[in-house]
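Below, chain A partners chain B and then partners chain C, in two separate complexes.
Coming up: the complex of A and B.
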């Protein structure tokens, strides 16, 4: 008898609370801005946070309130900008078309061309390896090839090629920068998709130090910058960078002349 | 037991965090900055106070007449969970600003053992409804005190040269332990010495 009573009491309480809550939800429903309701479903929904908001829903709400500009969402790209502009009743000038950025590994080091400080045997994770003296390579800004970026990529755009290098499928890359954030050595950079060349080194060490640990690193010799002023390369802190927007007619010659051949045609 | 004695007991002597170790999850999770800590403390205080009164009523008007006292844990969890849900809706409707401040912490409180703890302690100590209300309020205030103190310490700790292995949660636990030791200085003799019993 006691058990029956117990069942009845708990069931009745549960029922009352359940119905009460569902009733309360109807009565207390808060009306959402129709613009938010329209914006939320068209967002990519991966909550990457590149826009600077807590997630897709937060960004949609900010846009609907007029607090944020449309076009901060890099995974969505131009398509999303057009759709959002339509909902918000804004006009986007096509001239300000943004160039798409993709992730790129700025390192050509591997076991043959780079020296190692020790043999790493442990968890297959770059951040774990980085805890031990910044990774097994003597160069502390090298790609560790353990694939933390592969695991974090939401679109499976990152993989290994036959030689073990980390490569990014630029069609699949949505510029969410998750790989840039997780990479402990900072070797993953965002570069413009239309860049024809990339200088695949991440080391700001002086030339002599780079030479000691790696044969394919940028030594900051400035041949590209000085001998080929039209190459689009500039050297800052012993590391050259290539800029597609500046005049770059001599880039092919510069790539040929580079002593360590770190200017790579993509 | 006078109301002041109850307040002193739950704020200092039996502080939920430092001597009963209840509600540790939000204590560590939400104590990274003092603004959030105050928000969490206020939400917990609110919920413990309301939940104390409602669980007291459920216990004495529903469970005792049917001699179902052994069901208190199950029914209290049910009551607290629905109460928090309802509160969330009400706050969202009435004050969007408060909802924005408390909103993310309220669901955390649903299963917070501090709330269940005070509900059960009220019953075990045989409090009447006003004493239960005071107990709930005091437990919440004690929690707020602990989490606000902790958040201030953690804000300072962020700027200190803490060893890498201890940075973040580990050093927070160590600080919590030391604070707990300090709170051990408050004991029952405080109440007898103040002639509050």
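Coming up: the complex of A and C.
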């Protein structure tokens, strides 16, 4: 008898609550902006915060309200911009950048090839080391190898290789530029993913000064630019840069001729 | 029994190690062959260069002009010619332009005439302090004329002179009190006139009983209305917040200045510099620096021109007796370690230490023992801040009063896990400011 009573009571209570909940769902529902509902699923969903908002949902809401412009989401890239523009009914200039950018460490310095000013024993954090004379390397724009970028990367794309160099997994990189922002020496650059070569040096110091502190730095000798006009390299302020879009048929020769071998095939 | 005053919260008791240089009288450094006079020797905007390469300068001539509200003039310590202007990195990692001055062989003698400061009024005294480039000589190098400009709505009743020198090793202020006590106390009277303070109090730690006696004698002899107070030894008593708590029992609220509680605090070395600036018309171009530590052959207190290279100071003190592990500009608790002996000293360099190898400890995880909380003189929670900063939560750290931290080093000194707490705070402050 008792068990029957219990079943009846629970069943009646369940019925009342069920009815109440279904009523609340229908009648008390908060109306969400259909634009937000449409935007939310297409966001990358990694909540990296590069757009300046707390996460993907917050950015979607801000866009739907018209508070934020489309195109702040770098992980989403041009595809997302197109989709968002369609939902928002806006026209975006489609001729813009469509090549993907990835983070890259522009330094091949290490303990063997670069000179050090002192022995650093402090906190394992690049910004902490940078407080003391801009890091232990004599070159003040070098990679400090302490891995602040590894800590901030939201997709674990950055790691150390066996030799201690900081490497970026370009498949995982979402171009959020968090590592670029945290890096105190500015050695982390965003480069085009399709670039075949990169000039892995970050020093704008004149050649003599670079030579004194590092054997693999760009000395701004302009051999790549002058001897190989088709190399796609140009030198500005004693530092060469490589541009994939300009004619670059001679880049392999230029890399061979580079006296400090800082033109690296990726 | 009368209680010896000190501040109440936190603090540590490091071994004072002043024995190396405390008995060495102040000696004047023979003129170095080259001086590197930096344009940023003070807190605030660097001075603007008034001279160019190749110009000749006179001793005491103004060569850099204050370029902002918080900024200070820079003067040439010698007569000579400017060899070049180059970028230098100072011991505290500040990069700025500096004059490289080659001194003439014959230097002019110091003028002997003196000025009667009693005949000048407060604003005249203040403007001559500004013209003479006086900055706080305890190490923070805050421009003195800014500190002594009292806003109209504030009233100052006490002027506290900091003769504490709580940092281990350093003896520069100690020697100034013993050898130039008359000057320093007269300087204190000048400041008291500028800020219109009724009470002038000099705080000296009890490890310098000879200073206390000496200063008391001078006060009695000259009839100055100055109180000399002996303080219990505790680091960081030389900080203005702790000193005011110890002497006047007043607490400075977070983000406020001593002015807000009706007091002005200044270092005894600054008072001496003010006396020299006003009475002897000598701009701030030389200071006393303690060259000391286990690895210095003959530790000394040296009166050296600003811009002297550390290597010249080391040579004067007989070089190293053994290979040092660490070179520090300033005191061991708050000073800056540096590596290049060509680094020039500045107006704020109170010491040059060469310390020997210490037993090295590996940092372990935080034990949550709370010793850092007990040691922090301004009641912060260093372990909590450390956790926030090492997890990249800079905003949280800022909300937990990170900016009140004055990097005194008590927390790191007591930490049984040997965490680099001060370094973390500095990093957190830098990144937190950047985020804002």
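Here, the second predicted complex is superposed on the first by the 186 of 266 C-alpha atoms of A that agree within 3 Å, B and C clash if a C-alpha of one lies under 4 Å from a C-alpha of the other, contacts with A are read in each partner's own complex, and residues count from 1 in each chain.
Quick note on the criterion: contacts are C-beta pairs under 8 Å (C-beta built on N, C-alpha and C of every residue); 3 or more make two chains touch, one makes a residue touch a chain.
Keep in mind that what you see is a predicted model, and the values were worked out from it rather than measured.
*Asks:* Applying the touch criterion given at the start, work out whether A:6 contacts chain B, chain C, both or neither, answering first, second, both or neither.
*Replies:* first
*Asks:* Could you look at A:19 and tell me whether it touches chain B, chain C, both or neither (first, second, both, neither)?
*Replies:* In the superposed model, A:19 contacts neither chain B nor chain C.
*Asks:* Would you sort A:30 into first (chain B), second (chain C), both or neither based on which partner it touches?
*Replies:* first
*Asks:* So which positions on chain A get touched by both chain B and chain C?
*Replies:* Common interface on chain A, chain B vs chain C: nothing in common.
*Asks:* Taking the touch rule as given, give the residues of chain C at its contact with chain A in the complex, in rising order.
*Replies:* Residues of chain C touching chain A: 89, 93, 337-340, 360, 390, 392, 420, 423-424, 426-427, 430-431.
*Asks:* Which residues of chain A touch chain B once you look at their complex with the stated criterion?
*Replies:* Contacts found on chain A: 2, 5-6, 9-10, 13-14, 17-18, 20-21, 24-25, 28, 30.
*Asks:* For chain B, which residues count as touching chain A in their complex?
*Replies:* Where chain B meets chain A, its residues are 58, 62-63, 66-68, 71, 74-75, 78-79, 82, 85-86, 89-90, 92-93, 96.
*Asks:* Any idea which chain A residues touch chain C in the complex?
*Replies:* Those in contact with chain C are residues 117-118, 121-123, 125, 127-128, 131-134, 151-152.
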